[in-house]
Each structure stands twice: as C-alpha cells, then as structure tokens.
Amino acid sequence: MYYVVTIATLVTMALALIRALLGPSIYDRVLAANMFGTKTVLLLAVIAFLYGRPDFLDLALAYALINFIGVLAVLEFIRRRAYHQAAEPGAGS
Amino acid sequence: MAMLADIASWVLLTLGGAFVFIGGLGALRMPNLYTRMHAASLTDTMGAVLIIAGIMLQAGASLATIKLAAILLFLLLTSPTASNALASAALLAGQRPGEATASSERGE
Amino acid sequence: MTVLFGVFLLTLLVITALAIVRTQHLFAAVILTGVFSLLMAANFFLLDAADVALTEAAIGAGISTVLFLSALALTGEYERAGSTNRLLALGVVAVTTLLVIYATFDKPRFGDPEAPVHQHVAPWYLERTPELIGIPNVVTAVLGSFRGYDTLGEVFVVFTAGIGIVFLFGARRQRKPEALRSVIGELGEGLRHYLVPRVVGRLLIPFILLFGLYVQFHGEYGPGGGFQAGAIVAAAFILYALLEGEAQALRVLPTRVLTGLVAGGALLYGAVGVAGILLGGNFLDYSVLASDPIAGQHLGLLLIEAGVGITVTGVLLSVFHAFAGRGHI
Amino acid sequence: MELLGLYHYWVFAILLMIGFYAVIAKPNLIKKLIGLSIFQSAVFLLYITMDKVEGGTAPIIQDGVVDPLYSNPLPQVLILTAIVVSISTTALGLGIVVRIKEEYGSIEEHEIQETDRR
C-alpha cells in the first residue's frame, strides 16, 4: 500500500522538477524547490515505514523543521536587492 | 478493529497520494506564479495531512506516531510560511498577480 | 521495487545537475542546487545511509543555500555568456565519461554481499561494536572511537576553513556606496516587518534548537551526532539572524563567543585524547576514562561528539556572519 | 535487474563529469564552485553506493532481530564527515571569490586575466 503513495510522491517530485527547470521566473523555481522539499519529507516518512525502520523519521523531521529557511533567505536576498536598486539605479543586476 | 484501521489508513493514503499528484499537476499546468502557488500549497497541506494520518494509523500507538505528529505540525507551520515569504518576495520584485508570469531572468 | 525508486531518483539527479550547469542565471543554479541536495539525501536514505542522509539534510536544507545566496549578493547574479574552448571541454568530458563507465564494468554488482569492500574490517566493526563500545549505532562508534583520529583530522579541517574565512574577511572594506548610507538602518533589520515569517520563525527556533540537542545526544542510538547537530543548531541561529537582522543575532552570540566555540570544540576533542594518555592509555583511547571500559567509551564519545558539534556550529555561524557582515554594514 | 546493477555507478560517472565540465569550461568562478560541489556529491554517491548490501538495513543495531544483515558502516563514516568538510571548504572558496570580486571587480576568468596583464 505504501507503494501507491511512494509512486504518487515520486511522480509529483518529477512534476515539481519540470516546473523548476521551466521557470520561467526565479520565483517559480523557488516554489518548485520548496514543493520538492515537502514531497521529500513525505517520501522519507513513507520509506521509513516501507523499510520497517520507523526510528528514521528524524530525517523527515529535520527537513520539516529547517527546509523553509532557504525560502526566507530568498526573501531577504530580494529585499536587500530592492534597497540596493533604489539606492543606485542600474546597478545590482 | 485492526482491519478497520487498515482500511481507513489505505483510504487516507490513497486520497493523500491523489491530492499530492493533483497539486503537482496544478503546479505544472497553472498559468501564472500565484495560481501555481495555490496549487502547490494544496500538496503541502491536504496531501501531507492525509498521508501522515494514514501512516499514523499504521504505526499505532508508538514513538513513531508522536514523531509523525510533530512532522505534521511543523509542516503545517512551515510550508504556508514559506509560501507567504515567497509571495512577498515575488511581489516585492514586481511580479503582479493576474498576468502570465514574465521571465525575470535575462538571456533565456 | 525500492531499487527502481532509486533509479528514478538518480535519473532526476542527473537531470537536475545538467540544468544547474546549463543555466546562466546563478540564482536559479543555487535554487536547483537545493533540489539537488534533497535528491542526494533521498538517495542516501534509500541506500541505507541514514546518518549521511541526515547530514546532507542538515547542511543542504538551509545553510548551503544561505551561503551561496550571500556570496551572490556580493558578486552578481548572472554569468557572462560564452565559455572557453567549449568543444575541447566537451570532448575531454565525453572521453573521460566513457572511460569511467568502461571501468565500472569491473565493479561488483549493486548490493552484492560478496563485494570486496564488505570482506575487510566492516564485519569486524559490526560484530564487535556491541561488546567493545556498547552502543547500537555502529556509524557513531566507528566515527568516534575506532576511527577517532580521522574525525579529529576532519574537525581540524573544518576549524581551518573557519579560520581562513575569518582571515579573508578580516580586512575592512573601504568602499561603501554613498547612496546606501541612508538606508543602512533599514537594510540591516532583517525580515522584521514581515509578520508571518517572523512570528512562525520565532516560534520554531526553540524547537529547532531542541531537535539539534536531540540529534546531538541521541546520536549513539539513532541517526545523528555532532556534525548533524552542529549544522542544525547553526541553522536555528541563521534563521534568527534572517528574521531579526544580523546585528541583533551578533548581540545574542557575539563574534568573541563564536571564535571561542570554533577553538573550544576542537580543543575539547584534543583534550579528551590527551586525557587518555594521562590516564595511561593511548591517544583517543576512551576505555581508560572511567573504571569500566564501556562506561569510558560512552563518556569519551559524548565528549568528542560535543566537541565536534561545538566546532561545527561555531564555524558555520562565523562563516555566515562573515558573508552577511561584508555586504551591508 | 542485471542491467540495473551498474546504474548507480554510471550515474556517478555522469555526475562526476557534469561537475568537471562546469569546472573546466565555465569562466564564472561561482559556477566553477557549484560544479566542484556536484563533483564532490558524485564521489559521495560512489562511496554510499558501495556500502549497500542486498536486503540489508542501516547499520544501527536492532534488538530482537534474528540473523540481521546490516550495510557497511565504514563508507558512511567517511562521507558523513566529508559532507561537513565540503560545505566548509566551499564556503572558503566562496570567500576567496568574494575577495576577488572586491579587488578585481569581476569574477569572470578572462576578465581577471585581462586585469592581471595590464
């Protein structure tokens, strides 16, 4: 039964990857990467049970806790870039 | 009783898999960034809730169930936050909702 | 069936790597590197390497993206078109790929229990760990005790890299764009005005720290240990710095403390080794640390893992502050 | 299945060379570092592939399992430390690139060489 979920998650990961490759904007890629992260959490949780080693859920927990830091870093990057562009037009890109 | 839990968990897992897949399809096919974000958030919340609830039924009362509950709680906190942060970033950089996403990258 | 999952994930890995190299937008390349790291971790997990997967997760999920983005903020987002001698490079790469693939035909098949790598030392480690070290996680036992010298070396490499960054960025930056002066206050305040990330982030920081400590001290029984815990704790402080601004984070953990952590962890590791000599054993022999050899091993492992965790946290945070402080203050 | 027995090693070879291509052909220094980290990941993959034993499980000893089969812990130890070392050394490389940008005003290989020739 876990196989159905695993396959659905893997296919969704592939779809997210296609979105990450297509873009078109950088935010689509970040969105896809973030979605990919959540799918990885689900995949790791399911596979821990598929392997019969539920004590390995720590891994999924780690991703669930810290995977969003990357997106916050993107927001901070964009925010700082906006200030730079306001301060010195034409620079920064 | 055990069989009932099994059937319930199968239903939850299958439904979760379906939600995840539909969300992924939406994230690929929707016309612009904000609608794609909407589709992706579906997989992050509904899909995750269903799948993890399904596994929890399989795990029964054990440490694993508590860990799964923690994973679910943190996922439900972090992924909408990430979506919010991403939407803020896109808006700040001048992506307007309601129009097809223009490439903000040079040379592609 | 799980082998097929692995094959699928590996194929995605190759596609991602190709896309990373092809794109000229370095920002996009960094985001795709995040996807690459997720795929790597999933593959490691499928290949039974839970500890390695946890390390990749701890490093790849937040820290490496943050570091690359800070570097991009200081250098520029785009690479120039055109490469040097593209055809020659492609030729060299194609020939070498074929050579390496040709060489793989001599390798034992995937998962073959008769492979030479499984015949030497590894069975001994698996067999003797319960009786000599008395902990379930063989990876931690090999890391901390059987191959303690190795790990000491690795800790000093991490330490040296941290010192190197601090020296590189030690020189004060003179040129500061005049126009930026007026907004420096707002620039340095992080995501303070973004309510949702701030509230949720502040809520999660204690849990991330708690999880870090769990990984640190549960490393003898499940996947985890000093390397992973150090990265997770560093991620918590980096999250704080993103939310509240870098200056505020430096008020919580000043540079002096960070330098102390970098040196202190490595020193603690070395000191445990020296203590072994003083108590009449060999360098990094923990059996003599307590009256009972197994209790001694436990104590030694606990201390050296703590040393590793402290150094890794210190180095990663020093590096982050070096980059973040370079651009905007 | 026999055909898939070497797939992991082929992926290793291809990843290795994708990383290598980025290092030798791309003039941008950050791109070179990204290529280098792909190269490193390929090596990690090679080691971890070797540790797998058919039907085995992760080398964390379980109580009450009859005749357990564990994968090889040794490659995992080597790679576990190597991952943390790789992020530290990559950070050092990024630091050097940032300093180059500050001194030369560019991180493109030929522009740096141009500046040096002057």
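Note that the chains are named A, B, C and D in the order they appear, and that numbering of residues resets to 1 at the start of each chain.
Just so we're on the same page, a residue touches a chain if its C-beta (ideal position, glycine included) is under 8 Å from a C-beta of that chain, and two chains touch if they have at least 3 such contacts.
Here the structure is a predicted model, which means the values were calculated and not measured.
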Labels of chains that are neighbours to chain B and to chain D: A, C
Maximum inter-chain contact count - chain pair: C-D
Centroid spacing, where centroids are CA-atom means, of chain A and chain D in whole angstrom: 20
For chain A paired with chain B, centre-to-centre distance based on mean C-alpha positions, whole Å: 11
Inter-chain centre distance, chain B versus chain C - centres from mean C-alpha coordinates, in Å: 27
Overlap residues in chain A, where contacts from two or more other chains coincide: 13, 23, 26, 30, 32, 51, 53, 55-56, 58, 61, 65, 67, 72, 74-75, 79, 81, 93
Where chain B touches two or more other chains, by residue: 74, 78, 81, 85, 88, 105-106, 108
Residues of chain D touching at least two other chains: 57-58, 60
Contact pairs between chains, per stated definition: A-B, A-C, A-D, B-C, C-D
Complex contact set, residues of chain C against chain B: 23-25, 28, 78, 81, 191, 194, 196-197, 200-201, 203-204, 207
Complex interface listing, chain A residues touching chain D: 51-53, 55-56
Chain A contact footprint on chain D (complex, rising order): 57-58, 60
In the complex, chain A residues that touch chain C: 3, 6, 10, 13-14, 17, 20-21, 23, 26, 29-30, 32-33, 36-37, 40, 43-44, 47, 50-51, 53, 55-56, 58-59, 61-63, 65-67, 69-70, 72-77, 79-81, 83-84, 86-88, 93
Contacting residues of chain C [partner chain A, same complex]: 1-2, 5, 8-9, 12, 15-16, 19, 25, 27-28, 31-32, 34-35, 38, 41-42, 45-46, 50, 53-54, 57-58, 61-62, 65-66, 69, 72-73, 76-78, 177, 179-180, 182-183, 186-187, 190-191, 194, 197, 201, 204, 207-208, 211, 214-215, 218, 222-224, 228, 232, 235-236, 238-239, 242-243, 327-328
